[in-house]
Each structure stands twice: as structure tokens, then as C-alpha cells.
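Next come the structures, one after another.
Below, subunit A partners subunit B and then partners subunit C, in two separate complexes.
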Partner chain A sequence: MSVEAIATALIAAAILTSMPLMLAAVGEAIAERAGLLNLGIEGSMLCAGFASFWLTLKTDSVTLGLLIGAAVGLAIGLVFGTLATVLNANQVVLGLGVTLAGTGGTAFLFREVYGSDQPLLSGGPGRPFEGWFDWLPVIGPAIGDQRWFVFVAWFMVLAGHLFLVRTPSGLQLRAAGESPFGLEAVGGNVTMVRIGAAAIGGVFYGFGGAALAVVELGFFSPGSTAGAGFLAVALAMLGRLSPLRVALFTLAFGLLTGLDIGLQIAGVDARPEFLRMLPYAGIVIGLVALGRGVRMPRALGQAYGGISSRR
Partner chain B sequence: MNAVPVTSGERTRHDTPGADTALASLLESLLAIALAIAIAGLILIIAGHDPLNVFSQLVDRTLLRSAGLEEVLVRTTPLLLAGLAVLIAAKAGLWNIGVDGQVLVGAIAAAVVGAWLVDASRPVLWAGAMLAAIVGGAVWTIVPALLRAFWEINEIVTTIMFNYIAISMTAWLVKGPLRDQTLVAPQTPLIPPELRFVGLGDTRVHIGLVFAVAIWIAASFWLHRSVAGLEVRAVGESPRAARHAMIPVTVVLAVALVASGGLAGVVGGNDVLSTKGTFQAEWYPGYGLSAFALVFLARRHVLALLPAALFLGMLAYGADVMPRAAGIHSAFFALFEGILLIVLAAFRWRPWRRKSGGHR
Partner chain C sequence: MNPQSLCSNKPATWWRALVPFCLLASGMGLAPNFGSAEETTVDRVAIVTPASRTNQGWDQQGVDNLVEVGETLDIEVEVVEDAGYDDITPILNDLASDGTDLIVCHASGYQTVCPEFAQESGIPVVVIENPGAVMDDLIADIETQAQEASFLAGVVAGLETRSGRVAVVVSGEPPTWNYMTVGFAEGLHSVNPEATLIYQVIGEAAYDDAPNAKRVTESAIAAGADVVFGMGDGASFGMIQAINEHNQDLEPEEQVWFIDVIGDKSGSDAGQHLLTSVLFDYRGAYTELIQQLREGSFGEIHTMNLENDGVRLLPFAAFADPDTVETVDAVRVQIVDGDIVVSAIGDADGLRERLDELFPH
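Up next, the complex of A and B:
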């Protein structure tokens, strides 16, 4: 294989493998902007992934599978948002609970439904733009030959970004995280805005989990997210909660993760376990480098007790 | 913020919801367990199992047979220590989600030092390996602790990242530099069974439980009867107030998180010196999230940790026996713990209590 072909393959793989993670991280960025720190992404993604795998296997329709994944994410997001606002639940405890229940629940359900089988999906979403960008060296085919859902994912990121920074609802959402008392003072409803943000975040995690199962992997197995939900929290923070920046960081992270294969092709002698540490260490170093500049929403992680509770 | 702990007869300073009396907390925990059982039972019915049979089998296998009870106590030991690790950080207002990574590093340190001390006497081996475990867990927490204390970089994210780094690093070490070439599987040299923790009487329960309970008692005194413990709790309640009281907040935060990591390291040391005898690649016990279920089931009371650890120890052993006893996959128990955590998180809502201004 020529160097260009290897580079194209690595970039194409990075775009595909970082896409579910990107959706989750952008969803987390949106939820955190509204003041909700959701550590339940991992569990939400697994539930959505299982549901979408199950329906795709049953109906043979990837679209239906992705949609049920989003619906499951939405439902979990609504539960998270409601418990975290109406019931003042501690967000960290709640999120860890969702992750634990989702991890255990999907493993339990998977065994109940499929026993010890590991069914696989045949095919996957189509590649509508195959060959369109071949005039662009290296990155042209890497982008153009992606499955259609990858384009949908990037469109969602862009839409999420514009919603957050350019619409009145987006402003309300950010106010719920930055200054909930201010939002209530001007007539907003902090509880409803936060539940809405949790629901939007949930749709993103749902699509992310579903895409991991039916677009990227072509199967679901217990724990197949392998920590993507927690990585999403870190990447959201690294991208300073701006959806576009988060998406670009996630793509860079995907390239870094693919590097271990690239290095092995290039003949570098290093154990894969050693190389696998590097992306995570890279995130910590990134947080240190950028971390002092990160300003999180002032009310992040705090339950809102209503304007009467202002001290 | 969350509940202020109450020792017997002591009133909380704030009228915070959560711990007016120890009795109310106990009732809340029992109610949470009952709710979680109800929800999990519903899921079992939907999945086509008989929940009454499942839960009665669980109690029978874990509590009503002496062999089951011994196994429950064996599994209670690491859970009690892991819960203590999470609790000490939580008392300082920190979230140590990196317990799993600290356990791995503590375990590999204990396995290496323990195998190195096989010619020494048993107490020397135990002390050396345990010390290595504490140092390993603590060292693994230094970077997140310093970043949190001095640069206010969120410890949730850094401790989670250090989990993943620990998984890959220990796997790399045990497959590479630290591997015992005489063994087939990638693992550190075996510590012979006669040098490991001795059993209590004729049971499977080993002396690690005694050590864990001793550490638990010492930690209770440290948290509630020492100046350092008071400082930790003060920082956890209100860093700003603590700063006004001339408490060195950054130092306290760093020390609390490192101490938490050291305790988590002990969990790994206990597992190596008792049941494992070695550190194997791909070994991932995953105590971290269970430890959170434990701490919040105990409503963050240090004294309630032991009964809560016994309950989770029962679930942990249940996950081992129930697949054979009732055809229930072990993942069901992770689901149950998750439901329990969600219910416990939602228990900050107390419609029956007068709303006190100013909690947020």
C-alpha cells in the first residue's frame, strides 16, 4: 500500500470511530451548558445501542434502529433531567447510577434475549457520496466514502452549535447553567430548560450509542462502549463545552487513537498496551495545558432550589 | 450540599435535609432498598423470571448457609475499604471515580513487592506488600490531586482518565517488564498460598477482614475525632468558610484525595494477598461504582459503611452463585446496584420535610 492510501485509511477510520464519541461529547457539552453534569452517558449509550441493534436485527432497517436508539436516549435523558431538577437528585450519583444500571441492564437483557450467541448485522448504512471527492488527495476519499450517518452526525453537531450560540432557546439553555437565578428573574423556567437540555443531550447519546452498534461495529455486545461515555465527559471539558470545538477535539482524539495502528504499520516496535495509554494521557495533558483557561458554567452540577433559595 | 454526618446525639449545624437523625437515614436507606427491589422485581417479571424465587434463593445462598456467609464476608472486605476510599474523598467534597485504577496500581505494587519478599517472614511480607499497595494507590492519585487542589481541574475527569491509563499501564507492565516468564499466563510471580493471608478458624474468611475493620474504625476516629478530620469535613461543607477559618484548603484537598487513593490501593493489596496471590493481565474487579452505591447507601455516615458493605458483599456473592442457582445472569446485580444508586440520588427530595431555605 502506498503512503497516501495508508493515510487515507487511517483518516477514514478516525472519522468513523470518533463519530459515536463525538455525538456523546457534544450532547454532554449541551447538557453541561445548562448546568447538568451527566455521568450516565455510558449507560445511556449502551441502552440505546442494545435497542437499536435489537430493532435493526429484527427489521433489517438501520434507520429504524438509529431512531429507536435516539428515542431510548431521549427517554433516559428526560428521566435524568427530571430527577436532577424536580427531585434535586445529586447529579454525579444519579449519573453513576444510570451508568451502572445501563451497563448491567444491557448485559442482562442481552443474555436473556440472545443467550450466548453473538449475532452480527449484515451490511450497514450506505455510502451515498462514494467517489465524489476523489479529486482531493488523501482526505477526499477519506471523507467522501463514509456511510451516510456520519454526515448526519456532523450535521447534528453543527445544528447543536448554532442552536446553542445563535438562538434564543440556546441562550436560555446557557443561562440555566451560568446564572439560573438570572434566568428565573427574567421569567424563564430553569427546571423546564434543564429538562429540555437533558433531553437534547440524551438524543445525542442515544444516536451515539446506536451509531456505535449499527454503523461502526455492526454488532452489540455487553460493555461494547468501552468507556466512550466517560471519555465524552473529558472531551466535552477539553473542548470547553463548545460543540464545534468538542467535535474537532474528538476527531483529533480519534486520529491519535488510530496512531497505534499507524505506528505498527510504520514498523515502530512498541507494545499495543503502551500505545493505548497515550490518548488518555494526552487528554490529561490537554486539560493541564488548556485547563486553567477552562471556565465551566457557574451553576454546573448544582441543583436549583428556586429564586427564594438565593443567599 | 449533601447531608452533614451525625454521630450519636450530635445535631447538625445546618438544617440541611438528609440527616436530622441517624434513624431517619436508616429508614431512608431501607426504603431505598425496598424500592430498588420492587423495580428490579418488576424487570425480572418482564424478563419472565419469578422474582420471589430469585430473591429467596439469593437470601438462602448468601445468608442462610455458612459457606455462603463466609463468601459474603470475603467480598465485604474489599468493598468496605473501597467505600472508605470514596467516603474520605466525598467528605472533602471530592469525587474519586478513579478507585478502580488505584486498585490496579496498588495490586500490582503489592504483587511485585510480595513476590520479592517471599523469603522473608510472613508478617514482613504482608507489611511490605501492603505498604507498597498504599504507596501505589496514593502515587496514582497525586497528579489528579495536585491538579484539583492547585489548578481547580475537575478531579472527576482526571481520575477517570487515570483509570484507563492504569488499565493499559498495568497490562503493559505485566505482559512486558514484570512478567514471570516461567508461567504460561502473563502475570507476576505467584506468592505461595502459605504466605498469603491466613484464614480465620476453618473458614474462607481471612485476616484481611480484620485489617479492613481496623482501618474502618481508625478512619472513623480520624474523620470525627481529629483536627485533620474536622478540617477535611469543613472543606467539604464549605471551602470558603474553611478558608476563613484559616484551614489550608488546597493542602487538605490534595491530602484527602491522595489518602483516598492510598486506601483504594489497600483494596488491591488485600485482593493480591488473600485470594489472588498474583497480578494477572486483564484482571479488572471494578469496585469503583459499587463503592459509590455503598457510600450513598450508608448516607455518607462512616459508621453505616460496614452494614452497607455487608449488603453489597451479599449482592457481589449473589452475582457469583445466582447464575447456577436460579439462572439469573450476574449482570442483574450490577443493574440492581445501579437502580439502588438512582433511587438514593433521588432521595434528596423530601416533601415531608419543611423546606429549608438556602440549600442548592
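Up next, the complex of A and C:
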């Protein structure tokens, strides 16, 4: 097998495996822009992943599975947003609660539904552009042979970016995180904007969890997110809450993760623990190096009590 | 409860009334447990596993086997799963307060905490791969000499590979996996020294990291491996799914085959491309341990090997070459007879040295 084929496989794997993480991180970037720090991504992804897997297995339709995953994410996002804004619940505690409940709840449901079986999906989403870019060495097939939802995910990232920076609603959303009092002063409804942002974030987490289960893995197992929800928070911050930057950093993280696999195949004499550490060290270094000039939304993580509370 | 304990535990007034009966009973031979031949009662046994009892790997095999032994011996079995690798002393204390007679600490990661607990509480425990901790009446050890069965798996891989490239994918480097990796590599080398062995570690204790397991296996397949020996527990499903997806729409001769460990997945979705599996069977060891505890001879090292069928290969898939089956049977006899000695290397550095000797880059 040629080096080119291995490189193609590693890049293709990086694009595919970083996709669920990318969706989750972009969703978090949108929520944080509105002032909501959601640490419940892990739980949301697991719930969406389980629902998605269950329905895909029942109906043999990946599309339906992805949609139910998004619906579950939306529902959890709405609950999170409502509790964090209407009841002013502590966002950190609330998010961790969602993660704990999602982790335990999906493990319980999985056992109840499947017992000790581990069903696997066969097939998976199609590859509509297979072979189209084979003229471009290494990268061409790595991109062209992806499953259709990978392209949808990148389209969602682009749409999220345009929504944030080019639309009046996006401006309101950013104002809710930057200057909620200012938003209310010009007639905006901070509570509704934040609930909306939580819902949009929830849809991204839901698609991310569902994509992990039915597009990337082809199965669901309890805890299969393996900390992706928390990585998403770090990557959102690394990308300075800009969806496009977040997506690119996530892809870079995926490529770094693949580096250790490539080095192992090449027989490089290094401890695998060290190689595995590289992408995470990259995040830490990136946060330190790039994070110095970063200013997070002023109202991030803070409850909003309305203009009257300021008097 | 035997007559002796009945007599000694009664209040004073009862005691006086029962003395003549006890003397009479012992004189008539109705109290067989009097004296030094007393048998310890074992009514309740517990097993603590680090991960889920449904992971179709290490944890599930241990639990399923103990439950089966419990049903056979009419013993209550309590299962504590998902205990993780942190300090499990609170769990052990809880089991002790529930009147557990024996605790199986089903992870090599419990090598320190369980022996300490046994010495403090006096409750017998079973540890894994820790022969140095063995203590009379208190601590027994189970050694899984799976390198022998893995040697056979390596022979299978060496004979069945078409590309000459074979991958070993592991979810960590605990002693159990390392023994098996070395055994597999030696078996592969014995029949196909020209083969290329691709050794890949998913991560440190990545036993349930199915996403990365899938990714690593995909890269091994991209590197040309057509037989994958996977040790993963929950992570195994990532490996299996990578193979299933790769094999889709491919002719049988182009497909990649999987060799699993510990459990039998042949009847499930995961068994489509399963060549064979290195099976662990704890039933014999558990039965013997409980019997020894009852008889007062508890505290030995129990070795699961090819000879006692504690480890063995799952019957081969139909697509395996019949000649391979014959060869493996012959090699098995040679191992049991001692004509072939398989290295037992449990540490990661030793493992790498051995792999470099067998398959230099």
C-alpha cells in the first residue's frame, strides 16, 4: 500500500471524524455568542445519538435518524435556554446536569432496549461525489469520497457563520451576549434571543450526536462521545466563537489526531501515549498563543435580570 | 448454621437447656462439622468490573461466567459494574457490609486496592494477574495465559492473510493485551516470517473509545492489512464496524477478516467477518476458587491456559481454509506438550523489543 493511499485514508478519516465535533463546537460558539455557556453538549449529543441510532435501526433511514437527533437536540436546547434565562438557573450547574443525565439516561435506555446486544448499522449514508475529485492527488479522493452528510455539515457551518455576521437576527444574538442591556434598550427581548440561541445550538449538538452514531460510527454505545462535548467547548474558544474558524480548528485537531496513527503505521519509535497527547497539547498551546487577545462576550455565563435589575 | 454454632450463640437460659442435646448430638455423630474439618459457607459472591457488563468483552465475560457458576452452585452473585479504575474501596466496603463471602476484583487495575482491602477486612478476594499478592485463605489470583491461544490466532492469521500484512489493534497496553500481542506475533512469525505486522495502540486505557478504534482500524486497512487482531472491549465495535464498512460490496477474497478476543460475537451483527476469537472461559477457575474457599484451601494461583481450556480458539468461520484448522490443531498439541514455548511478556517495553526482534522495520 502506497504512502499516498495511507495519507488519503488519514485525511478522509480526519474529515469524517472531526465532523460531529465540528457541529458541536459551532453550536457552542453560537450559544456562547448569546451569553450562554452550555456544558451540557456531551449529554445532548448522547441523547441525540441514541435516539438517532434507535430510529435508524427501526426505519433503516439515516435521514430520519439524523432528523430525530436534531429534534432531540432542539428540545434539550430549549429546556436549557428556558431554565437558564427564565429561571436564571446557574448555567454551569445546569449544563453539567444535562451531561450527567444524558450520560446515565442513555446508558440506562440502551441496556433496557438492547440488553447485552450491540446492534450495528449496515450501509450508511451514500457518497454522492465519489470519484469526482480523483484527479487531485491525496486530497481529492479524501474529500470527494465523503458521505453526503459531511457536506451538509459544512454547509450548516457556513450558514451559521453567515447568520451570525450578516443577519439582523445574528446581530441581536451577538448583542445578547455582548450587551444584553443595550439590546433591551433598543427593544430586543434578551430572554427570547437567548432561548433561540440555545435552540440553534441544540440543533447543532443534536446533529453532531446523531452524525457520530449513524454517519461516523454506524452504532451507538453508552459514552461513545468520549468527551467530545467538552472538547467542543475548548475548540469553540480556540476559534474565538467564529463558526468558520471553529470549524477549521476542529479539522486541524482531527488531522493532528490522525498524525499519531500515521506515525504508528510508519513505525516511528515513539510512545503512543506521547503521540496521542499531541492534538490535546496543540489545543492547550493554541489557547495560550491565540487566546491572549481574545475577548469573550461580556455577559457570557451571566444571568440577565432585565434593565430594572440594574437600577 | 451447624449444631456447634447453634449451641454457642443461644442466650444463657437456652444454652443450659441445650447442653445435654449438644453433647448427645456430638456423641451420636449428628454434628459432622465439629472439629477441624469444618467447611466455610459460601452463599454470596460478588464481582466488581471497571466497565459495563454488556461490553461483550472482558467485563461481560467475567460476569456471565460467574453468574453461570453461581447458578450451578446455587450461590447468589452480586455484580458491581462500571466501577471505573479509581479507588473502589467504598464499593468493597459496601459489599462487605452486605455479607459477601468472596469478591472477584475483575481488573488488573485493582491490583493494589483489593489485596489491601482483603487484609484489612478479612474477606477473601480474587485478583487478576497479580501472583505476588497471593495469601493463604485471603487472596487468590487468576492468570490468563492467553499468549498460548493467541499464538494459535497468529498461526491462523499467518496462514490466512492474502496481502501478507496483518494488524494488531489494541485499546491500551495492559499486561493481558501485551501477553496476547506477543503470543500472536510469535504465532504469525512461526508460519509466515515474511509477513508485515502493523501494531497500533488506540490510546491509554481506551477500552471504550470506539470512534478512535474505528479510525485506527481504517488506517490499518488502508495500509494493506487484511487480517486484524483486535483487543478492545467496547472499542472492538469500532474495529468491527470499520471492517464491515470496508467489506461492503467487496468480493470475499478482497475482504478483511477480524480476530476477536475474550467473547464470542459470532452470532451477532459483529460476527459477519469474524475469522475466530481467543476465548476466555473463567468458569473452571471460579468453580475451583469457590470450592477451595469452602474447603479451606483458598489462596492459590489459577492459571487459565490451553491445557485446561481456560483459553481457547473459537471454532473457525466457514471461510477459513480447512488446512489451517488442521495446522492449528497440531500446533495446539505441541504447545500443550511443551514442544512450543510461547513468551509471556506483560510489559509494554518488553513487548516492543520482542516485536522489533520478530518483525524489524
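Structure notes:
One rule holds in what follows: the second predicted complex is superposed on the first by the 310 of 311 C-alpha atoms of A that agree within 3 Å, B and C clash if a C-alpha of one lies under 4 Å from a C-alpha of the other, contacts with A are read in each partner's own complex, and residues count from 1 in each chain.
Here, a residue touches a chain if its C-beta (ideal position, glycine included) is under 8 Å from a C-beta of that chain, and two chains touch if they have at least 3 such contacts.
Not measured: the values here are computed from a predicted model.
In this superposed model built on subunit A, subunit B and subunit C take up the same space, so to speak, and clash.
For subunit A, the partner that touches more of its residues is B, with subunit B and subunit C as the two candidates. By the touch criterion stated above, A:102 is placed in contact with subunit B alone, subunit C being left untouched.
Look at A:122: by the touch rule set out above, it reaches subunit C but stays clear of subunit B.
Once the two complexes are overlaid on the shared chain, A:10 sits against subunit C while remaining clear of subunit B.
In the superposed model, A:140 lies in contact with neither subunit B nor subunit C. Legend: residue contacts after superposition of the two complexes on their common chain; A:276 is shown touching both subunit B and subunit C. In the superposed model, A:267 makes contact with subunit C only, not with subunit B.
Contacts of A:212 after superposition on the shared chain: subunit C is touched, whereas subunit B is not.
By the touch criterion stated above, A:258 is placed in contact with subunit C alone, subunit B being left untouched. Of the two partner chains placed around the shared chain by superposition, subunit B and subunit C are both touched by A:222.
Subunit C runs into subunit B after superposition on chain A, and of the options 43-51, 223-231, 259-267 or 277-285 the stretch responsible is 277-285. Residues 107, 111, 222, 273, 276 of subunit A lie in contact with subunit B in one complex and with subunit C in the other. By the touch criterion given at the top, residues 2, 43, 47-48, 95, 97, 143, 147, 151, 153-154, 156-158, 160-165, 168-169, 171-172, 175-176, 289, 292-293, 296, 329, 331-349, 357-360 of subunit B touch subunit A in their complex.
Across the complex, subunit A meets subunit C through its residues 1, 5-6, 8-10, 13, 17, 107, 111, 115-120, 122-124, 212, 216-219, 221-224, 226, 257-258, 261-262, 264-265, 267, 272-273, 276.
For subunit C in complex with subunit A, the touching residues are 52-54, 56, 60, 165, 173, 198-201, 203-204, 208-212, 214-216, 218-224, 234, 237-238, 240-241, 244-245, 248, 268-270, 361. Across the complex, subunit A meets subunit B through its residues 37, 39, 43, 83, 86-94, 96-109, 111-112, 222, 227, 230-231, 233-234, 237, 271, 273-274, 276-277, 280-281, 283-284, 287-288, 291-292, 294, 296, 302-305, 308-309, 311.
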